[in-house]
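Shared between the two complexes below is chain A, which pairs with chain B and chain C, respectively.
So, the complex of A and B:
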């Protein structure tokens, strides 16, 4: 279970999250909805161990998180993968798509040949893999980002408005791939979006949708 | 319109590369094939204006200015490049440390930069030179240790903006440590900025070489360096002889412009924007 308990986040004097708690159980999709500016992305960054909350606790499979960002243990950090809203900002502009996908494998010293299979599963052809971000579309770039996120087989995947910028067919494809991964690996998915229809379709019956506005005052 | 701008960029880049190539070949080959000796004093042909026998004229000792410019270019560019490389390296290390570590380390390092900046750097340079025996090494160390602050500031501010980019968050989330983020993400982005700062340092380093040589602390007076030559030429300027200082001056300018034009191009290429942006 990926768990945030009473998390508070403030930017200067503006408080975006006030004692918010959320559970992301393994094996299911949890939806998180809320209007823009309500702190969805901040919560995503807290859960991905990228943002230290001012108060509250975060735990990954029972392990309390005490250190954040690069100070957190790599094994703990890589257990939670984050897929960003804007793929163009989320990849190093100097990397080719293949570099983007192989980078986590290099860091973890795992065989690099897995990258090609991941790319193939995401529908990225070899001629796309040698291109750099400015030479591909947002949709193609986001596919590479999803491949990167799944490269180390995370226990939890946080999708922060993953498909907001993309067309319907790419959206459907990315959701389908993540569903394949979830079913095959038993990973927990936190789908964050302002689009409740998308969450309804994605989460279906076996999952729950939480609205952040409702969580707002929960202690 | 876009293609016109692009073609103009291409042309200036080719011109810069060609200039550097010609200068490089001249600097390497002329000393091998020259029939004259650059240090040959010939008082019968002293202070001759540019002409067929001496295309750049002769100085007040009758030495051929063209030949001495080629030799001087060799010495000055070497001193300038090494000094710029030293200052860029020191500046990069300090800037990277300040930007990456942040907090107290950042504040401490930046106060050290301020302290270095508050001392007149020529004076400080003279102090450093005085610790060595006069010569090229002393000039290189002196210029290098008094000019790293600009590079440090540039590198630090770039690291601060890079640090907050989402792709750095992504790298952290994928398990990258600080060292890997510096090597894989920061340094490649900083490369063009550092190179540009270093290149723009080169003429400044040559100027310092001149100033130190003038004070008798730099390169020995008989050695043809562009700095020494401009310095010597300044005397004959009073007698109306413009050529012994103009030509070495031009040859400080020419390679610097060429190198900075190429550095600009490199910066554009290594940090690719959308094609439509590049064509604006």
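So, the complex of A and C:
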């Protein structure tokens, strides 16, 4: 379980999260909806262990996250992957797509041969992998970002408005690939979006979610 | 009777010559946008739709090769060909005055160090419009007090309205909205679309470029679909959402979460390596050897589609020709 317990986040004096608690169980998709500015992305960064909350606790599979600097220790952070809304802001513009995908493997000193299979699963052909971000479309770049997120086989994947920029077909494709990964690995997915129609379809329609605090899950 | 055409694009082709390849971004695009109408141009990212917008504004980079024409009505004088006109003419008489641009990201479109009022007043002054910033803001749904704020103090919706007001400062005939909603949440998307609808209902012509089919559904009278640099279908919006005849358009609709949520198999071709014949052939389950020839845009049951094997129309009644958009407004 990836768990945020009573998390508070403030920027200067502006409080965006006030004692929010969220559980992201493994093996299921959890949907998180809410309007612009309600704190969805701040919560995503806390759960991805990239932002230290002002108060509250975060735990990964029962291990409390301690000794944050502004983010948590790498050993814990690699268990949670984050996919951002805007791929162009999330990659180094000097990297080729292959560099983007292999970056976590290089940092973690793991063999790089996994990258090509990941790329292939995401529908990226070898000729695309040698290109840089300005030479590919948003959809192609986001595919590389999803491959990068899955490179270290995270236990939890947080998708923060992953498909807002993308057309319907690319959206359906990326969601299908993440579902493949979830079923095969038993990972937990947190799908964050303002698009409740998407969340309904991705997470199941047994209940609906409108606000940050209300979550819905699907096994 | 059809309302007069405001923009008539004929055979527009844009290529970029690179050292080792040629990018064919727009190929032989022809369409028109009429007064009081909103035409939505939809397609996947990288299909060439933004290049089309830049071509119409004369903002293409220097290595672009452009053919064809894009006639913009000016009302009093002869129509201007946006493709052939010199930059001085575009800058002096077209951009801002005849074509208003609703930008992709209003928050970054505005100057961060000046108030909304200062920016609106400058636009009005430069364009020689005697109206006051307050009047313009009110028309765009802003309170005069909102204008004294800096862009970072505006919510996304208010920034969008300021951008709309700026686009209207020169009282343009044609509104060009290039992905005006990417990154906005659904209520804000809906509000932006309703603003565009209002501009069309006022008798302007609106060309909306978007990847968001639901946004297009909310505002558009007609839908043009672009695939691999070509316009492959132009359809009345209601017929499009009821049952598009082009297999690619049908695939795009089927990918929506509210429908089958199934991606189109395969991926679009590179614009540097467009195949001969129908570019959708490798992804299409209706393909036959006939598809090795490039299909031309042709009318079939009220939908213009470029396909040798269009899907059957789900309507069992005949399609009536498009009505006059102003008549429809009067009926509202």
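Quick notes on this structure:
One rule holds in what follows: the second predicted complex is superposed on the first by the 202 of 219 C-alpha atoms of A that agree within 3 Å, B and C clash if a C-alpha of one lies under 4 Å from a C-alpha of the other, contacts with A are read in each partner's own complex, and residues count from 1 in each chain.
By definition in this document, a contact is a pair of C-beta atoms (placed from the backbone, for glycine too) under 8 Å apart; a residue touches a chain by one contact, two chains touch by 3 or more.
Predicted model only: the values in this text are computed from it and were never measured.
Of the two partner chains, both chain B and chain C are touched by A:86.
After overlaying the two complexes on the shared chain, residue contacts for A:169 are found with chain C alone; chain B is out of touch. Of the two partner chains placed around the shared chain by superposition, neither chain B nor chain C is touched by A:67. Legend: residue contacts after superposition of the two complexes on their common chain; A:138 is shown touching chain C, with no touch to chain B. By the touch criterion defined above, A:117 reaches neither chain B nor chain C. Once the two complexes are overlaid on the shared chain, A:152 sits against chain B while remaining clear of chain C.
Once the two complexes are overlaid on the shared chain, A:195 sits against chain C while remaining clear of chain B. Shared contact residues of chain A, touching chain B in one structure and chain C in the other: 86.
Those residues of chain A lying in contact with chain C across their complex are 35-37, 85-86, 123, 127, 136-140, 161, 164-173, 175-176, 194-198, 200-202. Contact residues on chain B toward chain A in their complex (touch as defined above): 165-167, 169-178, 180-181, 184-185, 188-189, 270-275. Of all residues in chain A, only 45, 48-50, 69-70, 74-75, 77-78, 80-82, 84, 86, 89-94, 103-104, 107-108, 132, 134, 145, 148, 151-152 touch chain B in the complex they form.
Here chain C touches chain A in the complex through residues 43-46, 155-156, 182-188, 211, 213, 251-253, 255-258, 261-264, 267, 270, going by the rule given at the top.
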